[in-house]
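In what follows, chain A forms one complex with chain B and a second complex with chain C.
Up next is the complex of A and B:
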C-alpha cells in the first residue's frame, strides 16, 4: 500500500511540483521570518561579541547598547583599572548618528576609539587600517560600496568631514551600520571631554570575568558591569522581545496557509484517484488501507515540501545579502524543528480531509466509469 | 463563463480550500501593508501633535527618531532672537530600554519644559510632571504591564513616580515617556543639553523663510516638521521595506500555486469534456479562456474573502496587542484585487500545456 501511495504521488509530476512548491513556500514564510529575526539578533550584538572585551562597564542601570545611552565620568576608567584582576581598560564613546557618504545617509553607531585601543576595534578590516586616528574614519564596506566611495574619500559624521582610512566588514545590520572615529574627534565634536560611554575591560589570564565584574560593581560607584556574554545576551533579548508578537502573528498566518495548501493537495489528489481507490475497494482493500495510502502521500508531500522549503530558504540566505546590504537570514536548527513540527501537523490534518470521501466510496463506482 | 464556473465549483471542498488559500495569502499581504502604514503613522505621531511648524536639530541630523542630536550651547537664545520666531520649545530626547517584567521594552524618552511645550498631547489620567522625579507614562505600555498612576518605574537605576498616563503615544517599536527636561539632563549626565528645538512661527510669517533664516546659524539645521516626518518615514522604510517585500513575494507565490493546483486538477479531471469541445471545433484559445476564467474566479473570490479576513484579523490584532496599528486603506483593496488577478493569470499557465496537447480524438478512444 505504501508503494502504491508513493507511485500515486509521483505519477502526476506537475501536480506534485505545484503541491510540494506550495508547502515549501508556506514553510519558507516561517523559516525566512525566523531567519531574518535571528540574523538581526546576531548582527545587533556583533560589535559586542567581537569586541575582545571580557567585561563591559556602563552607567548604572544601563544594560544595553542598542537604543540606549550611557555616560560615565572618565575618572571611572582609572578606578576600574585599579580593580584587582583587571588587565586593561579601553574607554569608548558611542552614540547613534548619521553617516553621510556621497548621496547616501545611513544611521550608524558612531564609536569613538582611543589610540592603541585594546578592545572595541573593527574586527574585520577589508581595506586600509582599523585604527581611525584623528581626522580619519573607518566605515562599513557595504555602505562605502553603496555610496561609491573608497579609501581617501570624505564622509560626514557628527556634522564634520572625515577621511575614509579604513573599510570594515560585518558592521551593518537591518537598522544601522557602525563607524569608527578617534575618541579625540568624538569628544571635540560633542563638547564632552570628560565623559565616556562604556569601558571595555580585559581581565588577566587567570581571572574569571564574572567575578571581576562583581568586584567592579562593588568597588566603583555608579556603574553596571556585565561580562561580554551577559551584555550580548541582553542585546539579543531586545530584538527578541520586540519581535516576538510580530513573529507570532506572521508565523500563524504562514501556518494557516501551509495547512490550506497541504489540505488542498491531499484532497485533490484523493479526489482524482477516486476510481483507483474504488478498484482497490472492489479488490478487497479495507478503508484502513486506503487511509494509510492517503496518509503516506500527505507525509511524503510535506517531507519533500520541507526539503524544498529549506533549500529555497538557504538559497535566499545566500542571495539576499548580495542584493540588500542591510538584510540577511540565519537558518537555525530551532527554526527547522519548528517547521518540521508544523509540517507534521499539516500532513496529519490534511490526511483527515478526504476520510469522508474514502469511507463513502462505492467499489462499484469504477465499473460505472465515473 | 458558465462552463468555467460550473467546472470550478462542482467540487465544493476543493473550491473552498483554494479560496481559503488565496484568501490567507491576500490577508497576509494586506496585513503586512497595513502594518507598514501603521508604523509610519505611529513613528510621526510626536511631530503630528507637537508645537510649532519647524524643528531645529544639530547640523547633519535630519531625523527625530534614529539619530542623536545635540545642539550647540546657546542655540535656543539665538533661535528665539531670529525675526519671525514666536516661541521655542526645547526638548532633550533619547531612546532608553526599560526592563519590565523580564521584558526589554524600548521607549523614547522626551525631556520637556511643561511651560514651553513638547510634552504629551493627551493626558488620559493624572497630570504632567511638576518635579524631576515625576513621569508621564504611555497608557498602552502601562496597561500591558499593569502599571498605573502612583507606581514607580526604574530608568537607568533611577526611580520615577508615574503621575500621568498619555494617550496616542505608543507604537510597536517604542512608546513615549515624558520627564521634565532637567530630569533627563540629570539622568543622561548632560547638564544644559538640548536635542531639538520645536519652533513656533509668528502669525503671517512663512515657515520656509524662517527655516532658512535659522539654518544660517552655526552648527544647526532647521527643517519643516513635514520634512522631518518624511525623513523618519523614509528611515523606517529603509529598515522594513526589504523584509516586508520578501514576505509579500512569498505570499504571492503561495497564492499562485494554490490557484494553479486547483485549476490544473480541475482541467485534468475534465480532459474528456475539453476533448469533446475540441472535437466540436473549439479552438485552443477558447479553452484557455475557460481555464483563465476559472483561475480569475477562484482568485477573485479568494481576494474578496482575503480583504474581509484582513479587516477582521487587523481588528483582532489591535484588540489583543494595542501597540500594533494596522491601517486598512481603501486603495489597498484595489491593490489586493490586482494582486489576486495576477495570481489567477499566472496560475492559468499551469494547465495550458495539458490543453495544448489534448487530442480531440481522445474522447472517442475512451
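Up next is the complex of A and C:
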C-alpha cells in the first residue's frame, strides 16, 4: 500500500506540484517570519552580546536597552569599580536618535564611548577606526553605503555634525542601527555631564559574573546588575514580546494556508481515486489498508513540502541580505521543530478528512460504474 | 458454493424493488457457470451477493460449509481476499502500478511478504504469457493483456471461485475468445469454479451450465456438455445424440461424432473429466 501511495502521489504531477508547493509556501511563510524575528532579536542584542562586558549595570529597575532609558551618576562607576572581583568599568551613554546621512534618516542607538573603553566598542570595523574621538562618529557600513557616504563625509547625530571616522559591521537591523560617538561629545550635546547610561563591567578572570552582579547590587545603591547573558535575554524578550502578536497572526495564516492546501489536495486525490479504492475494497482490502495509503500520501506530500519550504527559506536567507542591507533571516532548529510539528498536523488532519469517504465507499461501485 | 432462496430488495414500501427473488443454485469445483439475462434482470446484483460484496435481504450463501451471507461486514474483506477472485468488464487495474505490482499488491494484502508476493505475481503473469510486460503500466497494455493481468490478480491468492463480470465486453472477438478459453482452462485444470455474468452468447461455448435470469429469478437452466469428439458445446437437453459409457453420459452434436466415439471410446475418454474434455492453457 505504501508503494501505491507513493505512485499515486507522483502519477499526477500537477496535483503533486500544487500540494507540495502549497505546503512549501505555507511552511516558508512560517519559517521566514520566524527567521526574520530571530534575526532581529539577534541583531537587537548584537551590541550587548559583542560588548565584551561580563556584567551590565543600569539604573535600578532597567533591564534592557531597547525603548528604555537608564541614568546613573558618574559616582556609581567608581563605586562599582571598588566591588571585589571587578576588573574594569566602562561607562557608556546611550540614546535612541536619528542618524542623518545625506538624504537618509535612520533611527539609531547612539552610543557614547569613553576613550580607552574596555568594553562596548564596535566589534567589527570594516573601514577607518573603531574608537570615535571627539568630533568623529563610527556608523554602520550598510547605512553609509545606502546613503552614499564614506570616511571623511559628514553625518548629523543628536543635532550636531560629525565626521565619519569609521564604518562598523553587524550593527544594523530592520528597525535601527548603532552609531558610536565619544562620551565627551555625547555628554556635551545632552547637557548632562555627570550622568552615564550603563556601566559595562569586566570581572577578574576567576570571578563568576553572576556572583559579582549580586555583589554590585548589594553594595551599590540604585542599580540593577545583570550578567551579559541575562541582559541580552531581556533585550531579546522585548523584541519577542513586541512581535508575538504579529508572528502569531502570520503563523496562523501560514498554518491555515498549509492546512487548506493539504486537506484539499489529499481530499481531491482520494476522490479522484474513488473507483480504484472501490476496486481494492472489492478485492479484499480493508479500510485500514486504504487509510494507510491515504496517510502515507499525505505524509509524503508534507515531507516534500517541508524540504522544499526549507530550501526556499534558506535560499531567501542567502538572497535577502544582499538585496536589503538591514534585513536577514536566521533559521533555527527551534523554528524547524515548529514547522515540522505544523507539518505533522497538516498531514494527519489532511489524512483524516477522506476517512469518512473511504469508510462509506461501497465496493460495488466497481461493477459497471455503479 | 450452495445458494438457497436468495433475495435482494432495495428500498421499502411503494418504492421497493426486488432485484433478485428466491434464487437457489449450487456451484461445483471446476465448473464454469454462465449467468445470462436481459439488462436489469438482477445479474450483477446476484453476482455481487455471491461475491460477498452485497448482503442479501433473504436466503443464505454457503461456501465450503461456511455461511458467508451472515458474516459481519468486517469479515467479508477476508473472504473476498482469500476465497474469491474478481474479473471486471473494465479490467479495473490500478493505473499507477505496473502489471506486476497490480498483482503483487493483492498478494501482499493477504499477508504475503513483498518479495514472496512479487515472485508469485511474476510466476502467474509469466504463465499467462506476460513475462515481457511485467513492468508495463496498464496504459501501455492492450485490452487482452489488461484482462490477463486482471485474471492473474484474481488468481494470486488461490481463490476457490472466480467471478467475472462481462469479461469479454471490452475485447475484440479474437481476444475475447482467448480469454474465455483461458477462464475455462483455469476451471478445468485448477479445479476453481468460474461464475460469469455476460451478454456475450459466445461464452456459452465454454460454459458447463448456462443460467437465464429474468425478473430476478432463473427462468430456465441450460446444462451444457462438450462433444468429446469435436469439442463443440452441446446443450444436454437438446443434444442430438447421447451415449452412456462406463457410468458417464456423453453428448454429441451429430451422428458422425457419436459413431467415431463408439468405435474407440478410450481415445476420447482417457484422462478426461466429467464433461469429456480437458484443454490446456491457450497460447495467447
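Here, the second predicted complex is superposed on the first by the 359 of 370 C-alpha atoms of A that agree within 3 Å, B and C clash if a C-alpha of one lies under 4 Å from a C-alpha of the other, contacts with A are read in each partner's own complex, and residues count from 1 in each chain.
Going forward, a residue touches a chain if its C-beta (ideal position, glycine included) is under 8 Å from a C-beta of that chain, and two chains touch if they have at least 3 such contacts.
All values derive from a computational prediction rather than experimental measurement.
Of the two partner chains placed around the shared chain by superposition, chain C is the only one that A:3 touches, whereas chain B remains out of contact. After overlaying the two complexes on the shared chain, residue contacts for A:247 are found with neither chain B nor chain C. Looking at the superposition, the partner that touches the larger set of chain A residues, chain B or chain C, turns out to be B. Judged by the touch definition given at the top, the superposed model places A:303 against neither chain B nor chain C. By the touch criterion defined above, A:276 lies against chain C but remains apart from chain B after alignment on the C-alpha atoms of chain A. Of the two partner chains placed by superposition, only chain C is touched by A:286; chain B is not.
In the overlay built on the shared chain, the residue A:107 is in contact with chain B alone; chain C does not reach it.
When both complexes are overlaid on chain A, the residue A:11 reaches chain C alone and has no touch with chain B. In the superposition on chain A, no chain A position is in contact with chain B in one complex as well as with chain C in the other.
On the chain A side of its complex with chain C, the touching residues are 1, 3-4, 7-8, 10-11, 275-276, 279-286, 289, 363-364, 366-370. Interface of chain A with chain B (complex): residues 12, 14-15, 18-19, 21-22, 25-26, 28-29, 32-33, 36, 59-64, 66-69, 71, 73, 95-98, 100, 105, 107, 156, 158-159, 174-175, 190-192, 195, 224, 234, 237-238, 240-242, 245-246, 249-250, 253-254, 256-257, 260-261, 263-265, 267-268, 271-272, 316, 320, 324, 326-327, 353. For chain B in complex with chain A, the touching residues are 11, 13-14, 17-18, 20-21, 24-25, 27-28, 31, 35, 58-63, 66-68, 70, 72-73, 94-97, 99, 103-106, 154-158, 172-174, 188-190, 219, 235, 238-239, 242-243, 246-247, 250-251, 253-254, 257-258, 260-262, 264-265, 268-269, 317, 321, 323-324, 350, 353. Taken together, the chain C residues at the contact with chain A in this complex read 44, 47-48, 51, 53-54, 77-82, 84, 86, 88-90, 92, 94-97, 101, 105-106, 108-110, 153, 157, 165-166.
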